[in-house]
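You will see two complexes here that share chain A, one where it goes with chain B and one where it goes with chain C.
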Partner chain A sequence: MSRNRLIILGITAAISLLYIYMTWIFAPPDVQLGEDVRIFFQHVAPALVAYGLFGGTLLCGIMYLWKGEMKYDIIGAVTIKLGLLFTTITLLTGMMWANAAWHSYWNWDPRETTTLILWIAYACILAYRASVSDRESRAQFGSIFGIVAFPMVLLSYLSIRIWDTLHPIVIEPTGLNMEVEHMMTLFVAMIAMTLIGLILVDLTYRIDLANEKLMRIRMERS
Partner chain B sequence: MTSGLSAALAIAKKDIVTQFRKKFEIFSMFLFALIAVIAFSFAVVSGGSVPAEVGSALLWVIIFFTGMFGFAPIFLSESETGTLRGLATAPIPAWSVYLGKVFYGFVLMGIVEVFLVPIISVLFGFSILNDPLLAFGTIAVGTLDLAAVGSMASALSMPSESKSTVFPLVYFPTATSGLMLLIELTKIVVLGSGAVVIGAGLTVLLIFDILLAHLIAMLTLSASVFHFALSP
Partner chain C sequence: MQQVELFAVAVILWGGIFLFLAYLFLRMIGIEEQLRIVESQIEGDIE
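For the complex of A and B:
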């Protein structure tokens, strides 16, 4: 592992420790939510990272179609997989929080529904990619699919503004609608999650790249 | 631009003409929709009637599923008969091929809807004539939106090994976002804007605008990447 990677890994570990300290000890209990507020950071940060990763899928799709380099397609597939991971975390923590706050794991809240659809949509892209055996077509058509699926991400993000919802609208045009300590904690949580996400993208990309090379060697041998 | 549009219309016309020669496809789409109505009625009819908000939502769910039959063959039939190569090499821009297929899908679905919408509204006991302008606007934009997604999904399922399994996999997730908005709008038409709870400060017009934005986003995104779908 190169020196730079180790440094980034160290920084991420430090920020993650700070993130754990801030969510569980530093952040004061909320006026309304009480101690339940601690799940908030575990819920919002992965959600935003997942949106970012799906945005990365869109970018990689555009870049692949533009440049035609296979590495963009591999990164695109990686962002889908990791986006799914972070969406799963979002859904699970959301369900825990929903059970604590609204006494039911699933409420068919518009944002819950759209996030679940988002999960299914990107899982469909993965399944679709697996069904195309030709490598070039898989990259090309997978990229197109990644681009046309993106409006769903926007709709999921906007859903709490379109429908009447149980979800609180935290990010308002005038600024963030929460206490300063919570804001700071969320900020640290965001940085930690983003760094973890980026490291995972890097690692998964290198694994997939190695896999790709292995497949090519096998194809040549046979 | 104009030559691209006229090429799109020519492709749409060609498909509509071939469709009318083998009438059974439209008819079987319509029959499928009726079967879906019956199947849903088992789930939702209670005491001899269906709540208006459930019925109006089911209208779009049924159209959505019927689209599976209408939109899947749009490009798959071309690639099966080998005429896709002709379309790909024709001296017209790729987006006009896509647009032509969207027009065709729109007309095909529109013909089915002319019969389907009145029948469903009678059977499920709701009226879309409370606000005819919004109702027809919603149906027109919604059908165009589903056709836009369906044509793209059909093109995307061409290179796959199991085409018929993969089509819904592409069509459902991309169409669901439009479907949610369509159901919301139709509920507003049927129940009146006062009866439906929508977010604070949001008007019917805004939801319609989001639907329109979705349609435009789908059309432009698909049209701009479509030459990649035709090239291999």
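For the complex of A and C:
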């Protein structure tokens, strides 16, 4: 492993430990939610990282269709897989928070529903990719689907502003609507989750790239 | 939500993240080593 990667890994580990400390010890209980507010930091940060990853899918799709380089297709597929992982964490922690705040795990709230549709849309793209054996058409149509699915990310993000919802609006145009300690914890949570997301992208990309090369060699030799 | 439930969420989430990172790291080392061996075999065949 290169020196730069080790440094990034060390920084990520340190910030992650700080994130754990701030979430579970530093952040005070909320006036309304009490101790349950700690779920909030495990919910918002993965959600925003998932949106960022799906944004990466969009960019990779555009770049693949423009340049035609296979690396963009591989990174695009990686961002879908990891975006789905982070969306799953978001949905699960969101359900726990919903149960604590509204006494029901699932309420068919606009944010919950649009996020579930978002998850299904990207899961369908992965299923499509897994079902097509032709490398070129998988990359082309996978890129197009990655671009076409992106408005679902915007709809999921804006759903709490478009429809009446139970979901609180935390990010206002004037700033964050929360206590200072909670704001600081969320800030650290965002940095930690983003770094973890980037390390996962790097590792998964290297695995998929090596796998791709091995498959090509085996096909050429058989 | 009870304190113990919150603690369980923390352990599952963070344990899951670190286990997944460790799995990916080991898989990356394994597959890059496999690729290196195959590529050196091809170079050997060409020579």
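Here is the rule we use: the second predicted complex is superposed on the first by the 222 of 222 C-alpha atoms of A that agree within 3 Å, B and C clash if a C-alpha of one lies under 4 Å from a C-alpha of the other, contacts with A are read in each partner's own complex, and residues count from 1 in each chain.
Here, a residue touches a chain if its C-beta (ideal position, glycine included) is under 8 Å from a C-beta of that chain, and two chains touch if they have at least 3 such contacts.
Please read all numbers here as calculations on a predicted model, not as lab measurements.
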{"item": "Chain B versus chain C as contact partner of A:Ile217, first or second or both or neither", "value": "second"}
{"item": "Contacts of A:Arg5 with chain B and chain C, given as first, second, both or neither", "value": "neither"}
{"item": "Residue contacts with chain A in the superposition, chain B compared against chain C", "value": "B"}
{"item": "First (chain B), second (chain C), both or neither touched by A:Lys67", "value": "neither"}
{"item": "Residues of chain C that touch chain A when the two form their complex", "value": "1, 3, 6, 9-10, 13-14, 17, 20-21, 24-25, 27-28, 31-32, 34-35, 38-39, 42"}
{"item": "List of chain A residues in touch with chain C within their complex", "value": "16, 20, 23-24, 35-36, 38-39, 42, 89, 93, 96, 99-100, 196, 199-200, 203-204, 206-207, 210-211, 213-214, 217"}
{"item": "Touching residues (chain side chain B, partner chain A) in the complex", "value": "149, 152, 156, 158-162, 165-166, 169-170, 172-174, 176-177, 180-181, 184, 197-200, 202, 207, 210, 214, 217-218, 221-222, 225, 228-229, 231-232"}
{"item": "Residues of chain A that touch chain B when the two form their complex", "value": "65, 113-114, 117, 120-122, 124-125, 127-128, 131-134, 136-138, 140-141, 143-145, 147-152, 155, 158, 160-165"}
